[in-house]
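Data block below; observations after.
By written order: A, B, C, D, E and F. Residues from 1 in each chain.
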Amino acid sequence: MVDKDITIFMEEREELNEIVFKYAGRGTKRFWNLDSSAYEDGALPAKVKELIGLTASLALCCDECVKYHLLQCHKLGVSTAELEEALHIGLIIGGSITIPHLRRAFKAWDDLKKG
Amino acid sequence: MVDKDITIFMEEREELNEIVFKYAGRGTKRFWNLDSSAYEDGALPAKVKELIGLTASLALCCDECVKYHLLQCHKLGVSTAELEEALHIGLIIGGSITIPHLRRAFKAWDDLKKG
Amino acid sequence: MVDKDITIFMEEREELNEIVFKYAGRGTKRFWNLDSSAYEDGALPAKVKELIGLTASLALCCDECVKYHLLQCHKLGVSTAELEEALHIGLIIGGSITIPHLRRAFKAWDDLKKG
Amino acid sequence: MVDKDITIFMEEREELNEIVFKYAGRGTKRFWNLDSSAYEDGALPAKVKELIGLTASLALCCDECVKYHLLQCHKLGVSTAELEEALHIGLIIGGSITIPHLRRAFKAWDDLKKG
Amino acid sequence: MVDKDITIFMEEREELNEIVFKYAGRGTKRFWNLDSSAYEDGALPAKVKELIGLTASLALCCDECVKYHLLQCHKLGVSTAELEEALHIGLIIGGSITIPHLRRAFKAWDDLKKG
Amino acid sequence: MVDKDITIFMEEREELNEIVFKYAGRGTKRFWNLDSSAYEDGALPAKVKELIGLTASLALCCDECVKYHLLQCHKLGVSTAELEEALHIGLIIGGSITIPHLRRAFKAWDDLKKG
């Protein structure tokens, strides 16, 4: 994932989602909806929810999940300082096995910042 | 953990921390400090950080971690609606294996609310 | 969990579910429904689905999940030989860290068999 | 793994297995045998065992394991409806961190179906 | 596990092992043998292997596994300094979710040291 | 990672570390230091610590971590027999989901041995 730029990542994700929806039953489609709804504005703002999703994804070593929430954080105006503090919590909770994912997270953020 | 009240949980935690510190080397003590610092006010407020810690702990199925962050959330004035939304993200990210921990989380919250 | 009999396990589970539902938002309630529906008869019979759920729960070291699916397997007439083969796959996939959970699974099955 | 076709996946797997066997001691070789035997016909048919292996692999986010069991399911005549229900259970148990793996699973199945 | 002394832990373990062997097929029995053999003296001494098993068990948050390897380390003459360094690596690799298990590990070591 | 040679792996790792340090706060930098110190000679020799790190990394399915500790083991003169025994423990503890990582570990070792 290091070398793929974000446009390619999102295009590939969309293509694969189409294949999922070709096969997915009602249950899986409902899960997709639940997953989207979980990050919408509510008692907690979407920005906080995306930071929560980002950190949990890092702690669970899910590269694509990290990249996706990173993009959402960028869109929602998360600052670099806020992002760094959330990723740091993920590192502390999940330990050194999160480091390869943390490296790719900062690389992706660096790419986003450079536009 | 269902039946233990929060006072007992915190006392036991302190007793065990003392045993850790009897044996811990410099590295482990430093990790303890890092762990505390990660949740202090910064670019993100402590409240948001505790919610992040709570959700990641639930997604990783760590009962004591969930209970600890729940207590911190309560102290910092997190509302029930905010708490529920954060725990819901943990459920979606971590799936049904988080449910036993989610049950105990709401039980602990219920106990805290009843005072 | 070793010493609790199954009636107590199920009662405690129900009590905690009530507390979850006292606090749960629409998303969490929908997840609960999705979770139940996933194990209903379909292209695969419920019995096979419960064995799938049991094995995945063992591989993920979720004690309560194992116990719940074990009960469902018992109700649906899974034989001891079928159960043993499913649990064995969980042991092979998840390795020796599943052994404490495997021990409690066989203990619970033994209790169920003795009535 | 998205772009690699199944022939390449299996060839690479065989090449790496040869390197493992160049170095593996008796214990590791025995584990390999145990692993193969676990999925043979017994009280449960091989087809059910492969579906169990597939779901647990998805819930544990193991891409290669998912792809391997998917191939076995295809060989053993698992229907698309059966496959979808098993993968859905994996999604429910393991949560949204399984989604990147679920996408690649359906992509591989789509490739297998197209021949 | 905090309050149970080591004799009780080992007795309970033996009782449950008997139930496992009442039900276990050939594959599971073979896994049990493989598991024991893996920690025998070889190119690496048993002491190093037990420290490896201890650390990996901590990083994977397996309480019983940690306790079992701790006992073996004690029998094989591991020093407190060696034990502390191994546990510290587990904490660094696995992060703060290992802390509840680390607490119980030091408690058990403390009990062993007191005889 | 199968096809990348070790020089490329280490170069890429260094490049990404630079990006991490561009963004990392004091906490993350301290974690980096703690992580390095954990593997230095102490009561346990560095060689044993790298074997511990290797096995725990395999059991946790962290490819880059495995590769890094493998390199350190090679530098510190770990023999093939010692390496094999440590990896075998990782396989037994973590189960068949570690196999894809074990394959790549032996491939990397084979490359190192060929110089």
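Criterion: contacts are C-beta pairs under 8 Å (C-beta built on N, C-alpha and C of every residue); 3 or more make two chains touch, one makes a residue touch a chain.
Bear in mind that the values here come from a model prediction, so they are computed numbers and not experimental data.
Greatest Cα centroid separation from chain D: this falls to B.
Distance from the centre of chain A peaks at E, each centre being the average of the chain's Cα atoms. Centroids built from CA atoms put chain E at 31 Å from chain D.
Separating the CA-averaged centres of chain C and chain E is a span of 26 Å.
One inter-chain figure worth recording: chain C and chain F are separated by 36 Å, centre to centre, where each centre is the mean of the chain's CA atoms. Shown for chain E are the residues in touch with two or more other chains, namely 27, 31, 34-35, 38, 57, 59-60, 65, 84-85, 88, 91-94, 96-97.
Chain contacts here are complete: no pair of chains fails to touch. Remark: chain B residues 34-35, 38-39, 42-44, 48-49, 51-53, 55-57, 59-60, 65, 79, 81-82, 84-86, 88-90, 92-94 touch chain A in the complex.
Listing the residues of chain D that touch chain F in their complex gives 12-13, 16-17, 19-20, 22-25, 27-28, 31, 35, 57, 60, 62-65.
For chain A in complex with chain E, the residues that touch the partner chain are 59, 91-98.
Interface of chain F with chain B (complex): residues 27, 30-31, 34, 37-38. Of all residues in chain B, only 2, 61, 80, 84-85, 87-88, 91-92, 96-97, 99-100, 102-104, 106-107, 109-110 touch chain C in the complex they form.
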